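Provided herewith is a single structure, encoded as structure tokens, for subsequent inquiry.
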Amino acid sequence: MLRVENVNKDWKEFKLREISFEVNKGEYFIILGPSGAGKTLLLEVIAGIFIPDSGRIFMNDEDITFLPPEKRDLAYIPQNYALFPHMRVYDNIAYGLKVRKTPKSEVEKKVKEIAEILGISHLLHRKPKTLSGGEAQRVAIARALVLEPKLLLLDEPFANLDVQTKAKLIQEMKRWRRELNFTALHVTHSFEEAVSLGDRVGVMLNGRLIQTGEVREVFGKPKNEEVARFLGFENIIEGIAEGRILKANGILIELPIEVKGKVRIGIRPEEIIISNEPIKTSARNEFKAKVLAIEDLGSLIRLTLDIGGIELKAFITRSSLIEMAIKEGKEVYASFKATAIHVF
Amino acid sequence: MLRVENVNKDWKEFKLREISFEVNKGEYFIILGPSGAGKTLLLEVIAGIFIPDSGRIFMNDEDITFLPPEKRDLAYIPQNYALFPHMRVYDNIAYGLKVRKTPKSEVEKKVKEIAEILGISHLLHRKPKTLSGGEAQRVAIARALVLEPKLLLLDEPFANLDVQTKAKLIQEMKRWRRELNFTALHVTHSFEEAVSLGDRVGVMLNGRLIQTGEVREVFGKPKNEEVARFLGFENIIEGIAEGRILKANGILIELPIEVKGKVRIGIRPEEIIISNEPIKTSARNEFKAKVLAIEDLGSLIRLTLDIGGIELKAFITRSSLIEMAIKEGKEVYASFKATAIHVF
Amino acid sequence: MKRDYVTAFFALIGTFLVLYILLPLVVIISKQLLDWEMLMKTLHDELVLDSLKNSLLTSTATMIISLFFGVPLGYVLARKDFRGKSFVQAVVDVPIVIPHSVVGIMLLVTFSNRILDSYLGIIMAMLFVSAPFTINAARDGFLAVDEKLEHVARTLGASKLKAFFTVSLPLALPSIFSGAIMTWARAISEVGAILIVAYYPKTAQVLVMEYFNNYGLRASRPISVILVLLSLTIFIVLRWLVGRSRNA
Amino acid sequence: MKRDYVTAFFALIGTFLVLYILLPLVVIISKQLLDWEMLMKTLHDELVLDSLKNSLLTSTATMIISLFFGVPLGYVLARKDFRGKSFVQAVVDVPIVIPHSVVGIMLLVTFSNRILDSYLGIIMAMLFVSAPFTINAARDGFLAVDEKLEHVARTLGASKLKAFFTVSLPLALPSIFSGAIMTWARAISEVGAILIVAYYPKTAQVLVMEYFNNYGLRASRPISVILVLLSLTIFIVLRWLVGRSRNA
């Protein structure tokens, strides 16, 4: 649906270099990168606020590179939400409809509908500056979604929120997506957002989109060291949860909390215990594993293990390696505590 | 040396309530608290910038509560360093000496000496705004220490620095203390600084100094739930390191890195594995432990263990507890990976 | 701190200027209140009423003209970077430093007798010295409007002009409004340039001078008091508006 | 963006005002350059030289007085919160809105004939209209100095006064200096109030008016040009200083 081709742009200290990627209809695409990578500039170029120095942008195969923002049929939610401070919440949400000269009764119907879905019906008569961060974010999303845009552009939507509000909004975002079925391009520096929400993810470093692909693929197989170093979180497992048990590729993993449905979990490599014999401990998850690779990282050794088709990375000390006589191809047991699992 | 007695103060949204504590000569005292706790206000009251609403402040038993700042013989380093932007680094450091009408040759000698110790001799002719954060912090410390004040007040000295610079300055701060033997009162929200630098620590929450004591004591035995929740990091062990081995209270702990001398290490409760039999795994540190207490935290259970006189907290799941039949007084094995240890 | 002698000393010195400005205001108003009869008589003087009408008319016209030209200029100065921008900004500030009589001479030299002794001349003199207030206030007002708001309005379907009128202008309005009132006050306070360009039609501020020259201080005082009260009212409204928009 | 018609249209409208201010400056200076002889003659006119001397003298004196009183006042306004602060701040801003002829009347009413036709009268008129520039610039300058710098200076052993002179004042100096120059420029630009309080001793800005009334436009033009050049020089120096201190 959205296709970006070889876009270059220099603006102030920010830059974009040969950015190419596609977002498919109905997809939630996340661009993940550290601050200063040029993520906001990329959104602004797609939104039509800036014209790229070179390259093309297509929407449903129509070239929109030089189209003004109001003709692109997309909605942009900047990081500070940019609610219109002189309008009440109702008028903020209605703004796009009014500009389109929608009949008044229809405006009212649509605003009420979207406010209902986003749980902000009680806020419609408030001024933006009386809203909390989470409420303001909902209003910004409502103002964008009420127009049923082809594409929603989100710039660090959860960055200024506290941990609880953020977690709640991420869960709700999944629900809104199911209900309203929009296409989104979301830029963030947060792995949590990427893993929780993203269908596909692109890693952006220094103005370049280094790697794009499915979340598990990108986290599991970083294209180069730069990406790997940026991502850090090396074990991401996807599966179907039933209460405290996650089924992933035929193996069963015990979770620290009860969840239901498709989830992803993360385990840091340093939290995985290796033993030659099965052990009986408080670590609830234990798997027979085959050592695929051994990498020397200096004071630490990184093992790549295969457990029932899932790849796991684990850190052990050099003395463990020697004492346990671990070699490539050897079979060992890998275990980790349920409490060490991070559920996204 | 410094004694604060029942100090109360309200200023803007900040407050101090019944603050009492003492800093001994030569001590490095850390006040640890979240932002907004009133830490800066406390320093400003001690520095004489504000007069407390009630209470008394003594320095070497002399009442200095109403003395103006310039008569208190202490040095204050605010969070933004507050270097004089219109003076070169040399004149910044020399400021206090010049105000005291020190002879020019002596000013020069002293400034050069302290600049040498703090490794900023090459910066003396630079203007403050050309300095990096770490350099500016060194200059601020030099400007204060050149006067050999009775007491050094530091407000979040490492808060605006990147991780590497911060770690380096913390190490150097230990060296400067040995060389110059000053007394310091340092306020921060960082546990790392508190554990690395503090001889004693006071925990400040909502304008009250809730608990003061030795670092290990405060982290190990939080006075109440409020402090415990704030501190989070529950296992702090102190000992003498020799290469990769830490000797603490008779037990030996393998470390992930080589260090030497007195160090403190921290282990999160969720990283400790409990088993009924000794296990042979990549977890290098294994100890026989006695269960002292079992607390139900909802989805998790917290065990308090005794290993050779050292208390450890560990999190396990409820199913582990039942399956392993853990009861108070039972002997189990506690193990943790060397890589899970955080050395301060 | 209780023992802050330095600040107390500074305050003491500074009080002189505050009193120096306050005293003449208090004196002239209170003296006139004791001479109520003269004030009433002045308020029925045809000449005075005509001149007040002229002053209000010309300064209001000046304000409207500077709004029409100054708001777009302020917007461009706030939003665009272009070569020569700092030169344009400097030109806008020049009128503040030019002696008022010279302003009159400059306008006459440039536009010759066509503007002599006419409403046009008065307005042109006023516009020259007072337009910078509107321009600078509009610029500051637009600068304070986050450009992202305009961007969002546009992605929501508004054209550039629509975004300007529905978002930027309403938000900059308090600042523009207070700038316009400053322009109005500066326009009605102008004397030197008007004396040269247009002694007639008579404005109140020129009439004060004429009455003083022809009939002396007592005759010129009541109309002065009327002008002071007018100016102060405007000024208090301005302060109130600025304060309100800052808190809004 | 290439197709930004709205901004282009705004720029077009705004250009009118820029040209309106720029044109008279360019015209008067270029016309006078073609009439070099008259300019030279004016520069040897005793009356002109005396009046210029009077203008420079009185506006410089005004600047010094407003520095002496205005800097402490600015410091207090920047550093202290006290009851009636907003009233004091309002009083400081009042002179901007009072018609210049009325300022003259107010001063005469308050201080009576003692100040009539004297240097004192000129300086008092100038001080009333121009002191706010120094006060506000000093206040803004001190506000921009982080109070922590003063605190640190004091813990390092400086008394309050020493901290003021070694830290706050040097750092606020660029702002104070530019405020002082604005005061100087505003003082030398004043005509209306001076015409009432002190027609003599003759100042250049009043002489322009007298020459115009007595001998017509051509006679008053050269001295106008001299005043414009003087004002512009001051103005450019001011801009340069402000720009430099912002970058420093």
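To keep things simple, chains are lettered A, B, C and D as they appear, and every chain counts its residues starting from 1.
Note that a residue touches a chain if its C-beta (ideal position, glycine included) is under 8 Å from a C-beta of that chain, and two chains touch if they have at least 3 such contacts.
Predicted model, so just to flag it, every value in this text is computed and none were measured.
In this assembly, the chain whose C-alpha centre lies farthest from chain C is B. The count of contacting C-beta pairs peaks for the chain pair C-D.
Centres computed as Cα averages put chain A at a distance of 58 Å from chain D.
Inter-chain spacing, taken between the CA centroids of chain C and chain D, is 16 Å. Computed from the mean C-alpha positions, the centre of chain A lies at a distance of 55 Å from the centre of chain C. Centroids of chain A and chain B (each the mean of its C-alpha atoms) stand 36 Å apart.
Residue positions 160 of chain C each touch two or more of the other chains.
Multi-chain contact residues of chain A (touching two or more other chains) are listed as 68. Chain contact summary for the complex, chain C toward chain D: residues 4-7, 9-11, 13-18, 20-25, 27-28, 31, 66, 68-70, 72-77, 79-80, 88, 90-110, 127-128, 131, 135, 160-161, 164, 182, 185-186, 188-193, 195-196, 204-206, 208-209, 212, 217, 220-221, 224, 227-228, 231-232, 234-236, 239. On the chain A side of its complex with chain B, the touching residues are 254, 256-257, 270-271, 273-277, 279-284, 299-300, 314-317, 319-320, 324, 335, 337-340.
Contact residues of chain B toward chain D in the complex are 44, 47-49, 68-70, 72, 74-78, 80, 82, 84-86, 95-96, 99-100, 143-144, 147, 153. Taken in their complex, chain C has these residues touching chain A: 146, 148-149, 151-160, 162, 166-167, 170-171.
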